[in-house]
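Chain IDs A, B, C and D follow the sequence of writing; residue 1 opens each chain.
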Amino acid sequence: MKVILLFVILTPLIGFLINGIFGKWTKPFAGVIAASALGISFLLGLFPILSVLHGHIVEYTYFTWMPFKEVVIPFGLRVDYVSAIMLFVVTFVSWMIHIYSNGYMAGDKGYARYFSYLNLFVTAMLILVLGNNYLLMFVGWEGVGLASYLLIGFWFEKSTASDAGEKAFVVNRIGDAGFIIGVLYMVYYFGSVTYSNVFPRAEHVLGYGSTAATIIGIALFVGAVGKSAQFPLYIWLTDAMEGPTPVSSLIHAATMVTAGVYMVARSNAIYSLSPVAQEIVATIGAFTAFYAATMAITHKDIKRILAYSTLSQLGYMFIGVGIGAYWTGLFHLMTHAFFKGLLFLAAGAIMHSMRGLLSIDLMGGLRKYMPQTATVMIIASLAISGIPPFAGFFSKDAILGNALEMGHPIIWIVGEITAFMTAFYMFRMVFSVFYGEEKVEGLYHELHTHEAPAVMTIPMWVLAILSIIGGWVGIKMGGHVPIEWFVAHTAPTTEVAHEAHYSEILLMGISVTMGLSGILAAWLIYIKKIITAEKIANMFKPIYTLLANTYYADEFVYCCIVKPFWWVSTNFLWKIVDVIIIDKGMVDGTGWIAGRVGKGLRLFQTGFANNYAYWISLGIILLSSWYLFVKII
Amino acid sequence: MEVLIAIIKLIIVVTVLSVYVMYATWYERKVIGHMQQRIGPKRVGWHGLLQPIADTLKSFWKEDVIPDKADKPLFWLAPALAATFPFAAAIAIPFAPPLHLAGGKVFYFSVFHSKIDILYILGMMGLASFGVLIAGVASGGSKYSFTGSQREAAQVVSYEAVLALALLNPILMAHSLNLEKIVEAQRHLWFVFYQPFAFVAFVIAMIAATARVPFDLPEAEPELVAGHMTEFSGLKMGLFFFGQYVMIFVVSALASIVFLGGWTGPVLPGLVWYWIKILAFIFMYTWFWGTFPRYRYDQLMDIAWKALLPLMVLNILWTGFALAVGLPVL
Amino acid sequence: MTGYLVVSALLIAIGATGVMIRRNFMIVLMSLEIMINGAGLFLIAMSYYLGNVSGQVMFIFIAAVAASETAVGLAIAVMMYKKKKSIDINDFSILRK
Amino acid sequence: MEGIMFYIISIITVGGGLGVLLSKNPYRAAMWMIFSFFGIAGLFVMLHAQFNAMLQIIVYAGAIAVMIMLVMMIMDRRMLESLERFNPQAYWPALIGLALLADLSFLAYKFKINMSNVGKNLTINGSNTQMIGEILFKHYLLPFEVTAIILLVALIGAVVLTKKDIS
């Protein structure tokens, strides 16, 4: 088992090394190598998962990684009830996406490079998931950051792509700073960063409701905000859509962005101690869910719509982990990985056959040309809208139901409104892309629009099936919900004093109604054309403009952060500090002093290396004499 | 007492090695002769068995020519060093498996025995090239000698590194620098099965380090006459030969100990296994001599720096990692 | 103990003198090696007399640094030789101008 | 016995050093240097530092000396051997060297340490190598890595220096 667990990580790494080093020669079968590496990794990963299912947590320490005096950091891997879910999701969805990429990237000139990056990404993600301490998690955390930078900027000839890669990197750095601070606090308080060492002692060391727990919680959450693209730091994610679409599917739907949720669920022992930190997590989650959904309504680019919906769904997950019902967050993470991965893959298939066109204004009636893609897209949209029996219904309902029961009615209301909007924008997209008439005459004929090849459709179908049945683990069976029971071994739900009881059927009914009414609204507007979208847009002109411009977030950053920096830099740093103090005072001044001194010292600079040695030797003599006569005698 | 035993051992080793060198030349001439469909030495004694003795005697009576422009002290020093250092390396090589005496004492069949045998042998092997280097310098501006020495210096620096890196893998696996411990660690399976790449690299590097075909550039006959030995004659030249053959013996023994399990092996007694392995390596040398063309100089350097060295570094990384996490090495 | 330290002092002094008075750059490099070895001897002697193996570890670092120093020094020598066809240390005075 | 050994080896060591200092021919100087290295290795063995003694031989005598020889062989021989031995004004620096020697020797004579640990703690299970490894990779891991970087920098520096024609 020890070796198997290690090879779960090593196989993608080996794939990366093969494709990375010998890419020139392995180009024809780079995709096969990468996909089979992931397949092996997935199959090997099943062993520890099975062991966890039997109730044995798998944890091995391989070697001591950094021995400091008191703090010893091991290199160890751990699969427990939380990471087992992540391990399954990451390896399986990544595997599907690797297979899909074989078709999508065919003919690209960076074929081998692409697959080596993809494997590197999965390696880093697995280290993040499986590491048994925070520092190892941080290695994975930075590793996925690096790999995502490489993948987003994969088509680096396009300046937008490389800019987007840099933006993702820079914004993530802010979050990483928070993460590091959290880990350092942890070292300070616990003298260790190993999970099995920190969590059992958390309550004893920190105490319930203590400031220390809150600080650690918030600092770690700042890291999660950066990586999971929550409210202030979300701006990188939409730009990151410049990368190849399977990359968006892998990084921005299924794996990397969920790292923050995973980390919060993983640190449940600390969050449970701090109601304040929990409140912040849940609030930011709810706000992001709503905020991103409003932006998704107005956008016309399929990938951007999906990107905003990802933000929104991540908000849901943070509500789940923020209210203390960690299993709901992880549950939604899992179902989301299935259906959002699928949505991105379907968008990729559309993009593939539309030669890169993405605007929903150009499409319509695509159902006839791409029946399979249309079917899986509708399945995924139903899942994300929360229509039973699709996966999204169970997880979203679990989050919202728990939010209400834990005493967060406002979050519940916001969540329900967001659910309505989710259904609306998803079906707005579906209806305008797949139904209705061809909007631009002869476009499809010209582009030879066709169904995607089997290597792309099969992974989509697999994910589609999972999008349907993936949520069924959330059905109450024999008195308890299987996934709740499973996760609660490692991350027990925070206990609340006053548990309100609401009728479950009623809550479900409200959720379903919200979803259905969203779909209905979209149907009325985009199919029946009772009222055209333009008219509504004109009716609420100011709001529409605000939303279409994404709340002017980039402009806000530019005005309020970049501009003042610019101003301070030009007016103060440049003109005063640089020119007067540094240039005139320090540079010229030191130069002047150095010049004066140099004139004196020039006598010593004979240019003969021997002469320099004299002075050095004389210096040694002086030093030793000083030691001799002052210290000893 | 111990000093006395050591001295006796030393004398025996000198004798054995001298006889070994004499008959190694005979053996090589015989084997190479048969490979080239000749008979080899035949006249002196039965199947030419007395030939090496005749050769040795002849080299004693040869006129000792010293070039006018030669640097006399260095000219004397060069062959002495060329013979001394390989010999110094050879005294750490056991000639037979250690004998476990009554009372827990162990009798070693090597003159010098320590915990860091391999380091000692590597050090002495590195120094062995000095004889050749000085030979080039001392020959008083002879172009052939000088070029030969230059090549030897570059070759030794390159291949010494490969040799050490290749040895590091078995050392890591055996957790010891001591030859007996390394043999002990291979009781179940020889290291050549764990470390095939290291073994191949070691064999290539050991041929280059002893400057034999196909890497015999320091004394490439067609271009350099006899390389560094051009100006030497008689006994001095004999000493160079002595050094080279002892060196071949040392690396062969090292290879068989470190990679092929030394005196471990089924059925036959340890001593027999040990010498079979060493003689197999010596035969391999002759075999290569008879079959391989010489490499070009830049190819020689490319092999060392662009192929073997990176490969060995990767190999060590893998070995260390595998040992650290408890994986099977291969 | 004094014996070892005196030998070490002798080596350092000889090396320093060599650096100061020799003209041949190669010999200056060799003198540097001698000096470094003097320092190494001091470390090893102290490691023995203090019963602390750290001194020996330091010697390993010194050996590594000495190797890099030699490599760079030899590279400079080769470059200077290419440029000036000489390795007289007194010809190496372009820094003066 | 040990005292006699020490004197013999010290004479070898110091003699080698003097040989480097005084010999005109750089090849001979290199030989003297190797001689001196051997002496130091012997002193190391006497100080129970077997591993470092071997390291001394492999690194200094085996690698550094060969490198110096190699570079000298690239150069013109006559130029190398015809150089003046000493600087024109060699008296002052020689005096400085003597002063340095006197100073350091006096320091060595005056030096007093606690002698209760002589020869202890140098081995684990009788193995010097193992002890060095333990200390090197536990306490001196960071310096070790820095050393590795220094070596890499020197390697690149040497390649760049010899490859480019700086004008």
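Simple rule for what comes next: a contact is a pair of C-beta atoms (placed from the backbone, for glycine too) under 8 Å apart; a residue touches a chain by one contact, two chains touch by 3 or more.
Small disclaimer: the values here were computed from a predicted structure and weren't measured.
Among the chains present, the centre nearest to the common Cα mean is that of A. Separating the centre of subunit B from that of subunit C, both taken as means of CA atoms, is a distance of 32 Å. Here the CA centre of subunit A is 59 Å from the CA centre of subunit B. Per-chain CA centroids place subunit B at a distance of 27 Å from subunit D.
The distance from the centre of subunit C to the centre of subunit D, each centre being the mean of the chain's C-alpha atoms, comes to 7 Å. Chain contacts: subunit D has residues 51, 55, 63, 67, 74, 87, 93, 96-97, 100, 104, 107, 128 touching two or more partner chains. For subunit A, residues that reach two or more other chains under the stated contact definition are 608, 610, 613-614, 617, 620. Counting only residues that touch two or more partner chains, subunit B has none.
Taken as a graph of touching chains, this assembly fits none of the simple shapes: it is neither a line, a ring, a star nor a complete graph. By the touch rule above, subunit A contacts subunit B in their complex via residues 2-3, 6, 62-63, 75. Those residues of subunit D lying in contact with subunit B across their complex are 25, 27-28, 31, 34, 50-51, 54-55, 57-58, 61-63, 65-67, 69-70, 73-74, 77, 126-129. Interface residues of subunit A facing subunit C in the complex, by the touch rule stated above, are 605-610, 613-614, 616-617, 620. Within the complex formed with subunit A, the residues of subunit D that make contact are 87, 92-93, 96-97, 99-100, 103-104, 106-107, 110, 138, 141.
Residues 1-18, 20-24, 26-27, 29-31, 33-34, 37, 40-41, 44-54, 56-57, 59-61, 63-72, 74-79, 81-83, 85-88, 90 of subunit C are the ones that touch subunit D when the two sit in their complex.
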